[in-house]
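Each of the next two complexes has chain A plus one other chain: chain B in the first, chain C in the second.
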Partner chain A sequence: MSRYIRLLRIFWGNTLATELEYRAAFWANAGLSLFWLVWAALGAGAYFRFAPSIRGWTYDELLVVLGIFFAINGFRQAVIGPNLARMTEYVRMGTLDFLLTKPVSSQFMVSLRHVGVYNWLDPLLGWGLVLFGLIRRDEPVSWTSVFAFALLTVAGGLVLYSLALAIQCLAVWTIGGEGLDDVVEGIVEAGRFPVQMYRGIFRTVLTFFIPVALLTTVPAEAILGRGSTGVLVVSCSIAALLLFATSRLWVWSLRHYTGASA
Partner chain B sequence: MQEPAIKVDELTKHFRVHQREAGLASGVRGFFRRKYADVKAVDGVSFSIQPGEMVGFLGPNGAGKTTTLKCLSGLLHPTSGAASVLGFTPHLRRQEFLRSFTLVMGQRNQLFWDLPAMETFLVNQAIYRIPEKDFRIGLDELVALLELSPYLDKPVRNLSLGERMRAELAAALLHRPRVLFLDEPTLGLDVTAAAAVRRFLTDYNERHQATVLLTSHYMTDVAELTRRVIVIDHGRLRFDGNLTELIDATTPHRIIRITMSEPVDPARLGEFGDVVKTDGVTAVLQVRRNATKETAARMLSELPIEDIAIEEPEIEEVIRRVFAER
Partner chain C sequence: MIAAYKALLRAHIGIGLAYRTRLTVWVLTSLFPLLLMSVWLAVVDEVGPANGWDRSDFISYYAAAALLWHTTTSFLIWTWDSDFRSGDFSFKLLKPLDPFHQYLTQEFGFRAIVIVILVPLLVGITLLVPALHYELDLLGWALTVFAGLTGFLLNVVMAMAFATIAFWTTQAGNIYSLWWGMGAFLSGWVAPLPLMPPIVEATGRWMPFRSSMGFPLELLLGRLDGAEIARSFAVTAGWIGIFLLLYRLSWRRGIHRYQAVGG
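Coming up: the complex of A and B.
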């Protein structure tokens, strides 16, 4: 484990050192993120001018969902995206060959090796918005809720990581896999609103088939005091199961890897 | 008898490939109904290599060399047959196995493109868990042998091909692998750079008794580095033995080069062997291998010889003959 932490320190440290040279770009991106956050928050407000709540969600509660969405989207942009984007290159250029001959988890190398630096403030902004929503809502938040929320946020992150890994497995076979990142972006984007706001079949799909609900809705419900032990257990189990299943899938797809030149 | 370092037994690797024909119509047809063909990249190859041996692995493009190396590195699962490297089954990719070999591919690089080579070295130190002291000793040795010190802090993208290849070798050997798979390690290098790499490999092999399996298109590499060669073609083993045996078997002649004090008629020279070329005063002749000595002696007594040299045929020619036979 300590070896992986050390590797992350080298990998991410290198990226940081290179990218932080460009201070202006960093602050410009931070400004842009803030702009999108305010825009999304104000935009969502428009719906609530005519109704105090939509499908059981008030404006303040929606802000909490939006905040979580921003945080998880920042995680996607910082960790998931940069690695997914390079996956195709690994397969096509044969770099994957080198990764696979190293005595280190290949899953670690393909999924966590790279990091983006411009969206690091997004999670902070997101958590800020969550806090803002909770303060506006002005109802007590119990420590149990905070604990459940923390657990469920981690679970949500793991679900997203697993989905991205499953897509990386695809890239091992379909050598031309540009745009894989867009698929993940689409999935996360669906978490911008609580699943209850989607209708019928969409809600079912987003809850059970592509567990978008776990990314934003479920953690939001927990911090709003609407969660239940059952949901907590099921959500964490799904996250663990998905992580396990996609790790196996990764090992399995390497069995069928034929290499770039073959 | 020592346990072999590498043992390959009836190794077979087939690829299922989609057969594509030219043109849009057949492209559309292929989209709906695909025709597949089994390509036998490696087709029942067996050999074994003793610890410390340096073996040349030869064959034309597409012969199955790289596929074999990839099976031995654990990148590919063999379709059938077995491979064992240092007692490990490669495709199980056990950590101890991965720690004990290295794969160098001349046309690919593992160094971080935008960073100095030193960064890759540090990453490999962490990956292979090389203790700081061993790392420093190993690095100093490699830097000295490969004359790398001026390049350590330059971003890899600013290095020349030869400099980069040397840095690649250092990155690949920091963990002191006992088995080296080298796929075209001198590809694209100029004469001096290639010679430096060869010198280094010989040296490394002597110092650490590493087992080396090397593919190369450059016969100088093979002739200088290895005594034994394995030749494969179309996925099948064609020859396994001493380079000199290969030469004996395929080219039953030697070359005699002479310089004479006065011009001699080509027809007269023809009595000694096949005249490859002559300008009257100098000549190159091909003579039967087992008659070389006797012919040379005869030439010395019967012709106005000033200088005479007996040479082996060019190894490129030997290889051409091996593959022309099929």
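Coming up: the complex of A and C.
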């Protein structure tokens, strides 16, 4: 484990060092993130001109969901996206063969090797919005809720990581995998609103098949004090299960990998 | 000129088709307008029609918005930025045709494929989903299509004008996304303009963003009278003129500064 942490420090430190050459670009991107956050918060207000609450969510509570969405989306852009985007190239150019010969876990190499630096502030901005929503809502938040929120945030991150890994397995089989990062983006994008706001088949799919609810709705409910121990246990179990299953899937799909380059 | 357009269009349709998996994924994953629609439907469930917009209005609005989004959004600025960085821009300059036309046909070529995929899909859905209804005569349909087309043209010219900023900064994408992000509010994308606060609505009617989204959509729902239609077309034409002028001016000054990075 400590070996992997050391490797991460080297890989990510390297990227950071390169990118810090472009400090202006970093701050410009942070400014852009803030701009999007404010716009998203204002835009959500449009719906509440007509109804004080929608499916049991008030504007302030929606801001909490939006903040969590922003945080997890930042995680997607920083960690998931850069690795996923390279996957097609790995398979097509045969770089994957080369990665497999390294004396470290191949899953680690394909899913965590690279990192984007422009969205590191997004989670902070997002959690800032969560805090803003909670203050506006003006109801006490217990420490238990904060603890559950922290746990569920980690679980949400793991769920997203597992989904991305499953998609990377797909890339091994199909070779042509352009646009796979768009799929993940689409999935996360659905977490912008609480699942209760979706209807019928949308809601079923987003709750059970693609667990978008775990990414934003469930952590939001926890910090708003609407969670339950049952939901907490189930959510964390799903996250652990998905992580385990997709790791196995990765090993399994490598067994069917024949090497793509000439 | 026409022959050049024909050849370029064919080439770009070919390039687009080469990325058909990507395209399919892209079409399938862009459920975003349907998510926005879903939220509006939840509002209608809660308090009844919003400002006279009922369920079927929102469904009709956002189904068409999805199509318009795919057909009129210009990704030109990103192509331009990457051309600039990779040095491909130099090749475009070498061809005996102004890059303007090369980029324009590229945009048209990609759209053509999207339309071929999406239109039959949308027609099918329209027939299947009873809530979708567009009560229009032939003239109304023609005007809507024309509005979409002019809106698309405006988007391309606008992106082109912004793209020339890259001559000075080597990238224009960020500035353009700020502009476009503001547009999401003023175009009728986040919410139909008539449902926005009055000041946003009033601003939106004079800005270039509504031309490719809110305007054709409101036309399609039959919510505009003759005077409003004429005014909206005039706004579109005016902005096309403004951006074309800006593009030309900026191009003439900028091209001297082009240093051909990359390559």
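We take it that the second predicted complex is superposed on the first by the 261 of 262 C-alpha atoms of A that agree within 3 Å, B and C clash if a C-alpha of one lies under 4 Å from a C-alpha of the other, contacts with A are read in each partner's own complex, and residues count from 1 in each chain.
The rule we apply is simple: a contact is a pair of C-beta atoms (placed from the backbone, for glycine too) under 8 Å apart; a residue touches a chain by one contact, two chains touch by 3 or more.
Bear in mind that the values here come from a model prediction, so they are computed numbers and not experimental data.
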Looking at the overlay on chain A, is there a clash between chain B and chain C, or do the two fit?
fit
On the A-aligned overlay, A:Trp36 touches which partner chain: chain B = first, chain C = second, or both, or neither?
second
Of the two partner chains, chain B (first) and chain C (second), which one does A:Leu7 touch, if any: first, second, both, or neither?
first
In the superposed model, does chain B or chain C contact more residues of chain A?
C
Touching partner for A:Gly186 - first (chain B), second (chain C), both, neither:
second
Is A:Arg49 contacted by the first partner chain B, the second partner chain C, both or neither?
second
Of the two partner chains, chain B (first) and chain C (second), which one does A:Arg199 touch, if any: first, second, both, or neither?
second
Shortest CA-CA distance between chain B and chain C [superposed frame, angstrom]
13
Along chain A, where are the residues that touch chain C in the complex?
28-29, 32, 35-36, 39, 42-43, 46-47, 49-51, 53-55, 176, 178-180, 182-183, 185-186, 189-190, 192-193, 196-199, 202
Taking the touch rule as given, give the residues of chain B at its contact with chain A in the complex, in rising order.
15, 41, 66-67, 70, 73-77, 93, 95-96, 98-99, 101-103, 105, 108, 110, 112, 114-115, 119, 122-123, 126-129
Chain A residues within the chain B interface of the complex
3, 6-7, 10-11, 14, 18, 93-95, 97-98, 100-104, 255, 257-259, 261-262
So, in the complex, the side of chain C touching chain A is made of residues 19, 21-23, 25-26, 29-32, 34-35, 38-43, 45-47, 50-51, 174, 177-178, 181-182, 184-185, 190-191, 195-197
